[in-house]
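Both complexes shown next keep chain A, but they swap its partner, so chain B is in the first and chain C is in the second.
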Partner chain A sequence: MRPLRLAWLFFRVGALNDLQYRANFWLQLLQSAIQLGTGLAVLGLIFSQTLALNGWSAPALLAVMGVHILMGGVIGVLIRPSMERLRSDIRDGTFDFVLTKPEDVQVLSSVREIRVWQGVDILVGLVVLGVAIGQLQESLGPIEAVAFGVALVIGALMIYSFWLVVTTVAFWIVRIDEIAELFEGVYQSGRWPVTIYPEWLRVSLTFLVPIAFAVTVPAQALTQRLTPETLALAAGFGVVALLVSRAFFRIGLRRYSGASA
Partner chain B sequence: MPEPAIHVADLRKTFTVPVREGGFLAAVRSFVRRQHREVHAVSGVSFEIAPGEVVGFLGPNGAGKTTTLKMLSGLLYPTSGEVRVLGHVPSRREAAYLRQITMVMGNRNQLQWDLPALDSYELLRAIYRLHPDDFRKTRDEFIELLDLGDLVRKPVRNLSLGERMKVETAAALLHRPQVLFLDEPTIGLDVTMQKRIRSFVAEYNRRCGATVLLTSHYMADVQALCKRVIVIHHGRILFDGELATLAADFSADKTIAVTLKEGAPERIDFAPYGEVLGSEDGKVSIRVGRGRAPDVAGRLLHDLPVADLTIEDPPIEDVIESVFAGASAEAPERTPEPAATR
Partner chain C sequence: MNATPIRLVSPLRGLVDVYLQEMKIAVAQQIQYRAANYMYMLGMVAEPVVYLVVWQTVAAQQGGSVAGITAGQFAAYYIVWTLVRNINIVFTPYGWEERIREGRLSAQLLRPLFPIVEDLGFFLGWKPVVMLLWLPIAFFLALIFHPVLNPSPLAVAVFAVSLLGAYLIRSLNQSSLGLITFWTTRVGPVFQLYIAAELLLSGRLVPMQLMPAWVQTLANFLPFQWTFGFPIEALVGNLSTAQLLGGLLAQLFWIVIGSILVRVVWRFAVRRYSAVSG
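Here is the complex of A and B:
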């Protein structure tokens, strides 16, 4: 698998890079701790008033929070850095170096930059998930575990597709620096299962910015709320998202090289 | 005759760029109804370069040099015309083609900023799928040729501009490309570092038989490396031939330098011989028409106690300048009316 091998090579280089900056590790740890602390405080506040929120118990919501932090870590380590690099490469003209390499441009652009310290969120997310699973009434069987894993991978691929589409816009509009902050803002809504939101917002968070698939669906798998139909829908939508984002990226490339003019 | 390494026929590239007047109102008008105009960056360029040839690509800023290089390396899609490099159509960006070329841009870096160059070299080895033994051999050869020593073990951010350019150049050639596109490879470097990069390119060309197309504002680069130059201005070729004949074709003048014997009268009027360019340490430089040079030299030798006399072409920078100046005066108006609005 050439893309995975390339990703591994860049991961190694990214790790070498980040290991030089130990202060970033402590900053990231502090940030994760603050995020976890506020999340737990809000959950505590809610469940001091009620026993369930829209059918979700306290441990189930803790599981949602765990997936949210975990997925946030995956985005921070693997997706966002390469996309930001792609954007700056297009702006500064260093994208030419990517284009002259004998590799698939999308693959190379998608693995070029990795931020290791953001991985703290992945660990914190896993710990929160472990605690949530321990508190859940339902036992977690192998089928749920596999469904969770599959849903998580599909969710990550969808978020990647979303980032790729948004970043590709840089081929037309060079200054889209605020996109990352905008995404972070929207991503915060994934702390809660999207089923608690009104329909218009639920649909937007499912199909426009695929946060429902990235966070709620994997959490549903863990809490035995996931139906095979939802997982199949996620897989289908994931494939479509990947294909559409790739097609859009290629249109962007043609624009960059003047082939579409 | 062997197949040319680079074949370019009637190559054109037109960009559509937004235009607006200065000022607030114009900005608002442009926001509502944007005006565009076409810029013909390259307009009908044709040339061929044989395998192993080193060619200098000269022209002022905005002449179309970089646009042409980008079309040759597959970065830009031509508006029309034909390009073939090593038998490939560059804009298809086939992996087999990209493995055989390289592009060096003097003002841009591809190495990982915070890591020693050796780590970036490893990454390039994987991207170009080089055999570890071949890679090590080439890398060590370049480290020696460019006198890189420990530079490859220091984080790139700690290197000086010249040192960085050396490790960048080595990185760009690790896969032993057959065609080199060098866009201002020595820009901003001091003279010693320029020489080092220059001799490295020459040595690489000698060892690998690679074809090199070089753009540079430093004529020393061109004089040291290129027998042949292509002069481009306003997207058109003005001259394609040997560097040595450029002066003969484009400069109507010669410079005669005269040194008089000791004891010669101090106040001599050289004006009747030609235009006096200057005098320094007893050496007087006179500009004369190319055809009159032998005659004037004969008169000088006859009239004055000459110790030394040379007839030279003007410096190549002056020749190039006069080429561009002449072309600007003759060039038709290239800026068309706004072509489209949207």
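Here is the complex of A and C:
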């Protein structure tokens, strides 16, 4: 359990660091509120024209939005900061300092940075989810709750694998800052269930950029659309994604040469 | 002592030269980072594609059209959207924030030139490159989503001119917004409010016909819809001649307002500027 202890340690240090800057909480809250407001406005516009979008009712789509915001928060707190640090370290040659430490390089690179205030999105997502569940007709049993939790963890791990693969490209191509923009753009498509997209896009959003597993599948668990087969597929693909990303990272690592020293 | 006399050119000629040089630099930079550029553009395409798919789905469920807009017209709207969005990339308030926080404005203040002129020229220089890169994206989007549009020659001409208008309006407004960083070091919250207002009031999120009547009325008093809705509608919306030409006049009006605003804010703002070292 050494990786987990290491992650927890870095989390505490990072949290203490961020907690100094308390005004950032209000800035983040304002930002989240603006995003929530525009999201709700779009839902309002759509449901002023129709009663259901491809079989998804308004509360069900609200649940998707809740998961989307929640997962966005998880990415913003835990995944993206470390990956951005990794990217700039590789470019600047300061990655040396990670390599010299007697720990697993991938673990260390993946837990070094966190951003606490992005966690506001996690709270906002939970509130939206709560409202959505209250409005849904179907009752929510313990099985759905567990399936939701499992799907959420699998989804987060897949997004992590995706970010790791993309960031590893920095070992070959120096300027990949725009990849973050690309991901942000593509991530917006997760605000809607991937089932509404045309075939080619749905497949890409499932296996290329795992947004379907990260957002749609957990939301399916809450709205009783999830089959055990889908969850099993998610788990299987999740394991593959983790293994592939680790292997790719190791190949990339061999390309690294420090800038100074 | 025989000093060579300084060759003077007319101020206007000088300004044109500055614009041309800034544009050349921008073109060179854009071509240098082709891959990065393309990733940026592809990320940007995700936004309209999502809107487009959602509204085409709604249209299909409603028997072919929503508020009189068919699936094909939605496709045309959002594909033209991608070009207008790229034309609308301007120097952002975040750029101003960095420029002022790090004191890099000092060097620019030494030049006998209004700093916003450099930004205008530089970002204008992006546009030919951006348009070239946009063509294949538009081609593939058209193959997939089947846009329907039949603009008149006048509509095409007005569309072309309105792109420049949209660029200028958005540049000037965002420059004014950026100048706020002379007073505060963080422009993020204000800028995000601006973007949210733009999303809802410009036709960037949905064609304005889909908005409730009071939102459309509100939008008429604000500059936003002249940067997104109008250029797009000019090409795809079958506007009347009066609407087309009136739209250009409205753009001109907002360009004048924007120029005055940026000048006034600048006069007050620059007095507050101070930098540590050079």
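Definition applied: the second predicted complex is superposed on the first by the 256 of 261 C-alpha atoms of A that agree within 3 Å, B and C clash if a C-alpha of one lies under 4 Å from a C-alpha of the other, contacts with A are read in each partner's own complex, and residues count from 1 in each chain.
The criterion applied here is as follows: contacts are C-beta pairs under 8 Å (C-beta built on N, C-alpha and C of every residue); 3 or more make two chains touch, one makes a residue touch a chain.
It should be emphasised that the depicted structure is a prediction, and the values quoted were computed from it without experimental measurement.
By the document's definition of touching, of the two partners only chain C reaches A:Phe183; chain B does not. After overlaying the two complexes on the shared chain, residue contacts for A:Thr50 are found with chain C alone; chain B is out of touch.
Of the two partner chains placed by superposition, A:Gln137 touches none, neither chain B nor chain C. The wider contact with chain A, measured as residues touched, comes from C rather than the other of chain B and chain C.
Once the two complexes are laid over each other on the shared chain, residue contacts for A:Pro102 go to chain B alone; chain C is not touched. Of the two partner chains placed by superposition, only chain B is touched by A:Phe10; chain C is not. By the touch criterion defined above, A:Pro198 lies against chain C but remains apart from chain B after alignment on the C-alpha atoms of chain A. By the touch rule above, chain B contacts chain A in their complex via residues 13-16, 70, 73-77, 79, 91, 93, 95-96, 98-99, 101-103, 105, 108-110, 112, 114-115, 119-120, 122-123, 126-128, 155.
For chain A in complex with chain B, the residues that touch the partner chain are 5-6, 9-10, 13, 16-17, 20, 92-94, 96-97, 99-103, 108, 254, 257-259, 261. By the touch rule above, chain A contacts chain C in their complex via residues 27, 30-31, 34, 37-38, 41-42, 45-46, 48-50, 52-54, 173, 175-179, 181-186, 188-189, 191-192, 196-198, 201. Listing the residues of chain C that touch chain A in their complex gives 33, 35-37, 39-40, 42-47, 49-50, 53-54, 57-58, 61-62, 66-67, 144, 186, 188-189, 192-193, 196, 199-200, 205-206, 210-212.
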